[in-house]
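Across the two complexes that follow, chain A remains constant while its partner is chain B and subsequently chain C.
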Partner chain A sequence: MTHFKLSPKQKAARVFSYLFMALCVLVALFPIVWVVLSSFKTNREILSNGLQLPSTFSFSGYKQALEMAPILKFFVNSLIVSFASTALNVFILAMAGYVFAKKKFRFKNLIFGILSLSMVIPSTALMSPVYTVITKLHLYDTKMALILVYTALNMPISLMILRSAFAAIPTELEEAAYIDGAGFFRTFWQVMMPCAKGGLASAAVLAFLGSWNEFTFALLLTSSTSTRTLPLSLSYFTSQFSFNYTAMFAAITIAVLPSIIVFSIFQEQVCSSLTAGSVKG
Partner chain B sequence: MKQRNTGWIALFLAPTCIIFLLIFAIPLVMVFATSLFDYRLLPRTFEFIGFSNFIKLFTQDAKFLPVLKNTVVWIAIHCVLHVALGTVLAFILYKKPHGWKFVRVTYMIPNIISQSAIAMIFLNLYNAQYGALNSLLKAIGLEHLQHNWLFDTATAFPAVTMTWFIFAGYTTTLVLAQCLSTDESIIEAAKIDGATSFQIDRLVMFPLVKRMIGTTVIMAATYMLQMFSMIYITTGGGPGVSTANLPLYLYTTVKANNYGYANSIGVVIIIVGFITMTLINRLFGMNKED
Partner chain C sequence: MKRMFACLLSLAMLLALIGCGGSSSQPSNSEDSASSKEIVIKYPTFQVGANTAAPVVAKLVEEFNAEYAGKYRIEVEDVPGDANYADKIKVMISSGELPPVVYGGGYKLLDLALQADLVVDLTDAVNADPEWKAMYNETWESTDCRDGRIYASSSEGQLIGYYYNKELFNQAGIKPAETWEEFFDNCDRLLAAGITPLAMDTADGAWCTQLLLGAMIAGSGDEGLEFMNTSYPTNYNIPSVVDAIAKIQKLYQTCTTLDANGGAYENAANNFFSENVAMICNGPWMIGDFSDTSKTTEGFSDKVGVATYPGGFVYDAPIEGMFVTKQSDPALEEAGIAMVKFFTSPKAQQTALETQGMVPAGATVEITQTALDAFPLLADFLEQASVCEKRGNTLTGLMVPGLEDTFSAELPNLASGADTPEQFCQVLTDFATANPVT
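On to the complex of A and B.
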């Protein structure tokens, strides 16, 4: 493009492009950078001028935040719930996806159609009965409740991704495994699963992100520190940290930073998973 | 071999079906069924009342119609303006200007961190006393424009809208991926034919990515129909119900132990979702196979 001389109109378009890009970067980064910088300021600095840079870099806000609220506990809860629900989700939906993609059986389309319903129902509409079901199962305020609900919430997208992942594997491969004497489960586990790695990774990334960030059902289904997750802990800070702004900013930073770091490392995988999820969903 | 497989197939489907039953199917039936009941705890009531809950919602409940309006307006804003914002950026980035990769990754960050964290950040940004927005207005001498953004009736709705409207990284990522996967020779051919870059965007690229834009519109509608945490954390729906939406209203009704009434709101959410999806599918011709 740079080989040609630019007309004034093209120049204007180029200036607009770069301005627009700069604005998007600013919009995305400014709020986070402001929070991180504020976490190093003293309470008085925060209150006197919201835009001033911190005079010294002190980590005392972080120390106070960790002392005042059980952030690490929430963090561990989030890790347990997210890992467990992701593993459960990907495992059981790989089984279902495999069967839907590769096997013929009665009522296949009917069952698939019914399961697909989960895609069109806004989960927020189900808040009250899900609460009832969880209470009836005696799972209220347990990690198991969240694991179960998150496995379900991430079901539609995983089902779509994994079904097409298994459908893309040539049937000859499966037949060869049968001829070699591998049974149903071994064919699935040792032959098909490795071939569906890409789809499994996409489904896992999306399920993990969904569980890690989920708020509504966590709020509805838990009540104690031993089960509450990181997204909830943040709203807990507002009351807890009412006048210690430094600690509050530090707490937000602690909650946000791991996601940003993990995303920066795995951004290619995350972006391709998102794309896979949308094409198949 | 066939007979042996039937057992395996059933076994492979069972876990998914059980979880579907527990978290989707049974609750879905319960939502529709109990929306016809006066169903509450304390005092324990379970009485069939026909469509009374719905009649009450639409004719007597002073909160419901404003809440429904907010929800619909937010869905419309998100589906049109938010997606347009993300699409414009995608159309800039696919030409691979300097730094396009950096912009793509950076703009995605707010979509990766949790909604509740973004909400907490904005709660502080908008703070009347020390928030960045008021501090900025003060610094450039526009003190008279300062507001208590989230708690002032005049500014609460737009202020809350901004907390999700400006972060269109998801749309950008998806539309950009679609743009980049199109055959470059098509673009080259159009260039040789003398098409300007704006013409290429409008006449060549846009039709190619139209369906993906349709997908992002559906995702935007779903996102807004499920929106809860950011409102709950920033304004709690206030002042009054000026920033409340259907899920938030449903949640407060559940917390008030009024389950039958809450589930009639759930039915409305499902219907609004169904109408929205049908409209979008029609508009983008998503059901046509090609």
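On to the complex of A and C.
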């Protein structure tokens, strides 16, 4: 085993880099740890001294959370809506991303610009028109309403990611497929899609997180327990003149765990595909 | 890859089936089931979960469904969170589709719905029932009536004073003030004893602070009292308001906790529960929290006293009540009227009083001994309030819609001294003038 002796300057740099990484980890983990710890505190402990450790590790907050709001039902609804909207989103926008990245047609950049612009429209401006359209379609209080809306809301970011992902794939690969006799669809499905795996995973994770965390349209477009999603459950614990932060933090812990798990599993793909296409050569 | 494509297509079809098989396709309407003519009233409400009125609403829904079994049935739609509820109803108003019955609460939804011509006139229904009609006194009329017509019916009153910590008052050697001079003297004596006098806030409409401010305005003289009984005032640059704002600014800077600037109701409440401050302005719905050991210590409720405001002022205005909305099916409107009548009846108000200590909106509602025994602090307050000659609505209850947000957003500038009282009042005046309610 070879040992390299570090110079004092290198040692200092290494210590600094470790300190910096520790700081980054602290900044990233602190809110999560704080929420989890708060789910074991009393309301008084949370509001009086947010940084102290809980006096006792009681699970009463979790019990109250499950009693006060139908969290488990909302959890299942969230899973269905998030997975479905993510699948639809990626399925449709992979095709769009490929065409925008590899094909030449009139007004391509203009159409892409218009589709991307929808990202800057505030959700409050969309509330009334979306509500009207959904009720006219008789989709009010259905999971399909949320699936369609979330698919559309996540469109701009998915389109950008997937366009970059397909643009990063060498055109020669596509040309080779055509020379070998593959048609348009076969080239797309069997050659380009596997190469854009990272981008697909990235778009899927961001679309999933966007759908999982969405609140406004879930509130507006649903009314029954059978269709409502998890973010709504958090509003059961605070009202204008009453609050139950212990139960709320317990509910948040239950709500954020899937997001953390999904991101942890796919973090490499997400990070790599977000920078895909940024370096030429 | 073909398999993947097939899977995705199958998933899409499955989703379409899930969506199409949804529970309902209309936001609110009657459901005449094939087997019976029972009319279903879909009732969205924020009085669920942690809301103090949640048990009362659940009980009344159960009683209504039992009494009207086979004829009408209420289906509650949870809309947790007060602001979420108001936002959802506002979107529904803009789309012209409202549920059959809407609770106005403190969100001025009645006027918005009236502007959209969506409200059923209840005048004939109320006049036909002497018990119902007897509840409409002067304060009800300003809250639930417009142009001499009855559009809503209230169930909960806002009889509000302030709570104080008897132990901290004893330490400072003071008693509840009878005049505003005495009140400020009390604050000085509490400070001298090392006790922070007041729980205040700036966020989420600054509920506790606006109660104190409104009481000061009302206590300043005839002009102030008239102001506190004027719906949707547009001029805040009057001496009584400017003077009260100046006093509030001083209180922010000397008599409250550091977290008041930027803090919301829960921070103010926690400071009172934790005995960090001696006084908090709030309504009777807070009484239950004084014995909640997750929020305060054991025995805290014994330390709390209640008082009306100096100068004999007490907030006394019913909260905007329930109204029936126009529906394509007249039978559903009839069902809505039956529900409003049931939920705002003297019996329902007594249920709310005995269950949660909610003050009845109607002066004709008897305060039962059961309620007085269950909520002794409320009994004490009702006795004190009965002799108060000056009464008025809350400041946020009077404001034009949306002004409470501007008020709340501008308060940190007042608290920090960045705004003078005159500048602060000018901001309120400008907003109210630009957004009058006609």
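The rule is short, and it goes like this: the second predicted complex is superposed on the first by the 165 of 281 C-alpha atoms of A that agree within 3 Å, B and C clash if a C-alpha of one lies under 4 Å from a C-alpha of the other, contacts with A are read in each partner's own complex, and residues count from 1 in each chain.
By our rule, a residue touches a chain if its C-beta (ideal position, glycine included) is under 8 Å from a C-beta of that chain, and two chains touch if they have at least 3 such contacts.
Nothing here was measured: the structure is a model prediction, and the numbers come from that model.
Engineer: Quick check for you: in the superposed arrangement, does A:152 touch first (chain B), second (chain C), both or neither?
Structural biologist: A:152: touches chain B, not chain C.
Engineer: Tell me which partner A:131 touches in the superposition: chain B (first), chain C (second), both or neither.
Structural biologist: both
Engineer: After the superposition on A, what does A:261 contact: first (chain B), second (chain C), both or neither?
Structural biologist: It touches nothing on chain B or chain C.
Engineer: Is the number of chain A residues in contact higher for chain B or for chain C?
Structural biologist: It is B that touches the greater number of chain A residues.
Engineer: Is A:25 touching the first partner chain B, the second partner chain C, both, or neither of them?
Structural biologist: first
Engineer: Touch check for A:47: first (chain B), second (chain C), both, or neither?
Structural biologist: both
Engineer: A:232 contacts which: chain B (first), chain C (second), both, neither?
Structural biologist: In the superposed model, A:232 contacts both chain B and chain C.
Engineer: Please work out whether A:6 is in contact with chain B alone, chain C alone, both, or neither, and reply first, second, both or neither.
Structural biologist: It touches nothing on chain B or chain C.
Engineer: With the two complexes superposed on chain A, say which partner A:69 touches: chain B (first), chain C (second), both, or neither.
Structural biologist: In the superposition, A:69 contacts chain C only.
Engineer: In the overlaid three-chain picture, which partner chain does A:168 touch, first (chain B) or second (chain C), both, or neither?
Structural biologist: In the superposition, A:168 contacts neither chain B nor chain C.
Engineer: Touching chain B in one complex and chain C in the other: list those residues of chain A.
Structural biologist: Correct list for chain A: 47, 127-128, 131-132, 148, 219-220, 232, 235, 237-238, 245.
Engineer: Contact residues on chain C for chain A in the complex?
Structural biologist: Against chain A, chain C makes touches at 1-2, 4-5, 8, 11-12, 15-16, 18-27, 42, 44, 46, 48-52, 77-82, 84, 87-88, 91-92, 94-95, 97, 106, 204, 207, 265-267, 270, 273-274, 282-283, 285-286, 289, 292-297.
Engineer: State the interface residues of chain B toward chain A in the complex, per the touch definition above.
Structural biologist: Residues of chain B touching chain A: 4-6, 8-9, 12-13, 15-17, 19-20, 22-28, 30-31, 34, 88-89, 92-93, 95, 97, 99-100, 102-110, 112-125, 127, 129-132, 134-136, 139, 166-167, 169-170, 173-174, 177, 196-198, 212, 215-216, 219, 222, 225-226, 228-229, 232-233, 246-247, 250-251, 254, 259, 262-263, 265-267, 269-270, 273-274, 277.
Engineer: For the complex, which residues does chain A have touching chain C?
Structural biologist: Checking each residue of chain A against chain C gives 42-44, 47-48, 68-69, 80, 84, 87-88, 91, 127-128, 131-132, 135, 138-145, 147-148, 189-190, 193-194, 219-220, 223-228, 232-233, 235-247.
Engineer: Could you please specify the touching residues of chain A with respect to chain B in the complex?
Structural biologist: Interface residues on the chain A side: 1, 9-10, 13-14, 17-18, 20-21, 24-25, 27-32, 34-35, 38, 46-47, 49-51, 92-93, 95-96, 98-99, 103, 105, 111, 114-115, 117-118, 120-133, 137, 148-149, 151-153, 155, 159, 184-185, 188, 209, 212-213, 215-216, 219-220, 230-232, 234-235, 237-238, 245, 248-249, 252, 255-256, 259-260, 263-264, 267, 270-272, 274-275, 278-279, 281.
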